[in-house]
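Single-structure report; data block below.
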Amino acid sequence: MATVKLWTDAEVDAAPAVKAVFDDIRATRKSDFVNNFWRGLANDPPLLKRTWESLKAVMMVDGALDPLTREMIYIAVSTANSCSYCIHSHTAAARARGMNDAQHAELLAVIGMAGQTNHLVTAMQIPVDEAFLVGG
Amino acid sequence: MATVKLWTDAEVDAAPAVKAVFDDIRATRKSDFVNNFWRGLANDPPLLKRTWESLKAVMMVDGALDPLTREMIYIAVSTANSCSYCIHSHTAAARARGMNDAQHAELLAVIGMAGQTNHLVTAMQIPVDEAFLVGG
Amino acid sequence: MATVKLWTDAEVDAAPAVKAVFDDIRATRKSDFVNNFWRGLANDPPLLKRTWESLKAVMMVDGALDPLTREMIYIAVSTANSCSYCIHSHTAAARARGMNDAQHAELLAVIGMAGQTNHLVTAMQIPVDEAFLVGG
Amino acid sequence: MATVKLWTDAEVDAAPAVKAVFDDIRATRKSDFVNNFWRGLANDPPLLKRTWESLKAVMMVDGALDPLTREMIYIAVSTANSCSYCIHSHTAAARARGMNDAQHAELLAVIGMAGQTNHLVTAMQIPVDEAFLVGG
Amino acid sequence: MATVKLWTDAEVDAAPAVKAVFDDIRATRKSDFVNNFWRGLANDPPLLKRTWESLKAVMMVDGALDPLTREMIYIAVSTANSCSYCIHSHTAAARARGMNDAQHAELLAVIGMAGQTNHLVTAMQIPVDEAFLVGG
Amino acid sequence: MATVKLWTDAEVDAAPAVKAVFDDIRATRKSDFVNNFWRGLANDPPLLKRTWESLKAVMMVDGALDPLTREMIYIAVSTANSCSYCIHSHTAAARARGMNDAQHAELLAVIGMAGQTNHLVTAMQIPVDEAFLVGG
C-alpha cells in the first residue's frame, strides 16, 4: 500500500489542475492507461505537472539518444537505486519501445558487470588515473 | 590512496599470471595504458583474470547493443552507486567510443530524471500496476 | 517473511530482559501496540535495549529540532536507503505527530529534488566550491 | 575534476540562454556567487533552466515547511546517497538559513539513527505491520 | 513477478547450454533444488555460465576465509544494497553452513553499527586520517 | 574538509564529557591515537558517548564472531554504502587484527560477487523462493 492516496479517475476528473495533466499523459501516450505513479503525484498538482513536463522533455522528444536507449539507462539507474516499481514500469516501457530479449539480456549483463566493478573499485579505493582527468 | 598495492609495470612483468592478463588488456585495447583498476586487481590474479574476461565478454564483443550504449548504461549504474572512479573511467571510455556533448548531456538528463522519480516512487511506496506484471 | 523470529507477546512476557524494554516502549508511547521491528530485535536483548534507548534519546526528547522535523528527516534517509518498512513506519509516526497533507507533499518534493540533483552532481563529478569549505 | 566543462562567467555571458538563468540565480539569491553545480549544468541550457526552476519552486517559496527544514531534509537524502558535493553545498545553505550547532548535531544524530535502523530492518526483512497500512 | 521468464525444469532440459549449468549446480550443491535466480539467468546462457563459475570460484572453494564468513559478508553487502531476495537466499545459505542464532545476531549488530557510522561519517564529511593511508 | 569542527586534543582536554570518552578510547585501544571520526562526534558529547559505547559493545567484546570477521563485515557494508573514510579506517582495523593479503583478496572477491548478483537479482526482480521462507 502507498503512503499517499492513489487518485481514481473520478477524483482526477473533479480536479481541473490534475485532469489537465492526466489528459496530456493520455494524449501524449495515445493510451487511456495512467499508471499509479501519476495517481500518487496527483496529491501535489504542481509537482505532478513539473514531473510530467520534465519527463516529456527528457524521455519523449527527439534527441541525441534514441528513446529505447533512454529507457535502458533509466532501468540501470533504477536497479542501482533498488526501485522495484521503477524497474517494472521502465522495463515495460522499454519493451513497448521495441527492446527484444537479446537487448534485455545484454542490458542485464552490463548492469551486473557495473555492479561488480563498482564494488571492487570502491573497496580498493582506487585513485583516478590522470589520463581520465584530461579534458572534462 | 588505495587500500591495496597498485602494481607497477615492473611488478607485473615479474608475475606471469598477471602479465598474461595485462598483455591481453594491451592487445585488446591496442594501447599501452593500463588503468589503476587492473593494477589493484593484480593482487589477486584469478580475480583479475575472471574480471577482465567477463568485461571483455560483456563490453567488447559484437552484440545486441552498440558499445557506446553499453558504456552509457555503465555510467548510469556507477552514478547511482556513487563510484567516482567508475564514472571517470567509463565517461572516458564513452568519449573514446564517440559519445558527443549532446549525447552526454542527454545521458545526464535521463540519470537525473531517474534519480528524481526513483526517490518519489520509493517515498510514496507506489504499488506496481498489474499492467506491468503481464508477461515477464 | 522475516529472516528472524518475530516475538509474540507471550514470548516477550517469558523473557525478562526483553519484557523490560517492551514495557518501556509501551509506557513511553502510551500505547499497547509494539511494531514488528522491536519483535525482531527481541532476538538480541542487548541490541534491542541499546537501539531503543538510542531511539528515545534521538527522537523522543525535547531538543533543538521539533519531533515532526526529526520524523521527516528519518523518512528522507529511509527513502534514499530504499527501506520500505522504515518509510511506512516513520510516515505513520510523522502523521501521528501532526504531519498534514501539505507538509507531506513538500517533504516528497524535496526528497525528489535532492534525488535528482544528487545524481546530476555525481554524474558530473562537480568539485566542491571553495566557498563551501570555509568554516567547518 | 568534473566530467563536464564548468562554465566561466565569460562563457556564460556569451550564451544568452545560460546567462538568463544565471541572472535569475544571482537576483533570487541576492549574491554574485554562482556555485559549480550550475556551471556544470550550463552545458545543457534546457536542463539548467528546468533544474533551477524546479529548485526555486521546491526550496525557495513560502510553503508548509520552513526553508531550514527543507535544507535539512536535503542534507539527509544527500548523505544516504553519498553525494559529497551536495552535503557540502546544502550544509552551507542550511547554515545560511540559520541552522545552529545544536540543530546540526541533532540532524546528524537522526541521520545516523536512521542509517542504523534502516540496515537492521533490511537485514531482518521485517514485514510491514498492518497498523502502518491503514489510511494511505 | 520477475521482469524475465523463470525457466521451468522442462525448459531447462530442452536447452543443452542451460542444462549443463543446472546439472553442475545440482551436483556441486548435492541437491535437486535450483533457486529462482538461476532460472532467471537461464535466459542468457553465457551470463548464466559465467555467473555460476564465478560464484563457485569465490564462494565454494577452500580459501583464506571459511565459507560461513563469506556468506555473512554476502549478507552484509546485500543488506546495504537493499536486495531482499539476496538477503533471504544468503541467510538461508549461511544457516545451511552452520550459522547459529548468536552469530546471526552479531552479524545484524555489526551491519547496524556500520550503517550508523557510515551515515555519520558521510554527513560530517570526515577527512581520512593520514595514519590510515600508510601502506596500501 | 569536514562540515563540522574536528576537535584538537587541547579542546578535548577542556571539555570533561568529551575527555572522558577520549580517555576510554585511548585506554581501550591501548593507543594515544584518536582518529578524526571521534573528533567530529565530539561536537555532540551524548552522541559521541552513545556511539563509542555501542561500538565497544558490538566490535570489541568476546562474542560469537571473531573480531576480524566483524571488521570484514564492516568493510563490506561500508563499501556498498560508498563510505570512503569507513573503508580506509576499517581496512586499517582489520589489518591491525591480523587480516593478511589472501584474506583481504577474498573479502574483495566476495564483495564484488555480491555487488554483481545484487544488481542482477534486482534488475530481474526475482521472486523469493518458498524454500527460503521456511523458518525465519
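Each chain carries a letter (A, B, C, D, E and F) given by its place in the written order, and its residues are counted from 1.
The criterion applied here is as follows: contacts are C-beta pairs under 8 Å (C-beta built on N, C-alpha and C of every residue); 3 or more make two chains touch, one makes a residue touch a chain.
Please read all numbers here as calculations on a predicted model, not as lab measurements.
Common neighbours of chain D and chain E under the contact definition above: A, B, C, F.
Distance from chain F peaks, on a Cα-centroid basis, for A. Each chain gets a centre from the mean of its Cα atoms; for chain B and chain E, those two points are 20 Å apart. Chain A and chain E have Cα centroids lying 27 Å from one another. Each of residues 1-4, 6, 51, 54, 77, 79-84, 87-88, 91, 105, 107-109, 111-120, 122-125, 133 in chain C touches at least two other chains. Contact topology of the protein chains: fully connected, every pair of chains touching.
Listed in rising order, the residues of chain F touching chain D in the complex are 3-4, 43-44, 47, 51, 77, 81-83. Here chain F touches chain A in the complex through residues 75, 79-80, 82, 84, 87-88, 107-108, 111-120, 122-125, going by the rule given at the top. Within the complex, the chain C residues that touch chain D are 1-4, 6, 33, 35-37, 40-41, 51, 54-55, 58-59, 63-65, 69-70, 72-74, 76-81, 83-86, 88-89, 91-92, 95, 100, 102-103, 105-107, 109-111, 113-129, 131-133, 135. The touching residues of chain B, when paired with chain D in their complex, are 82, 87-88, 91, 101, 104-105, 108-109, 112, 119.
Interface residues of chain A, counted against chain D in their complex, comprise 1-6, 46, 50, 54, 57, 133, 136.
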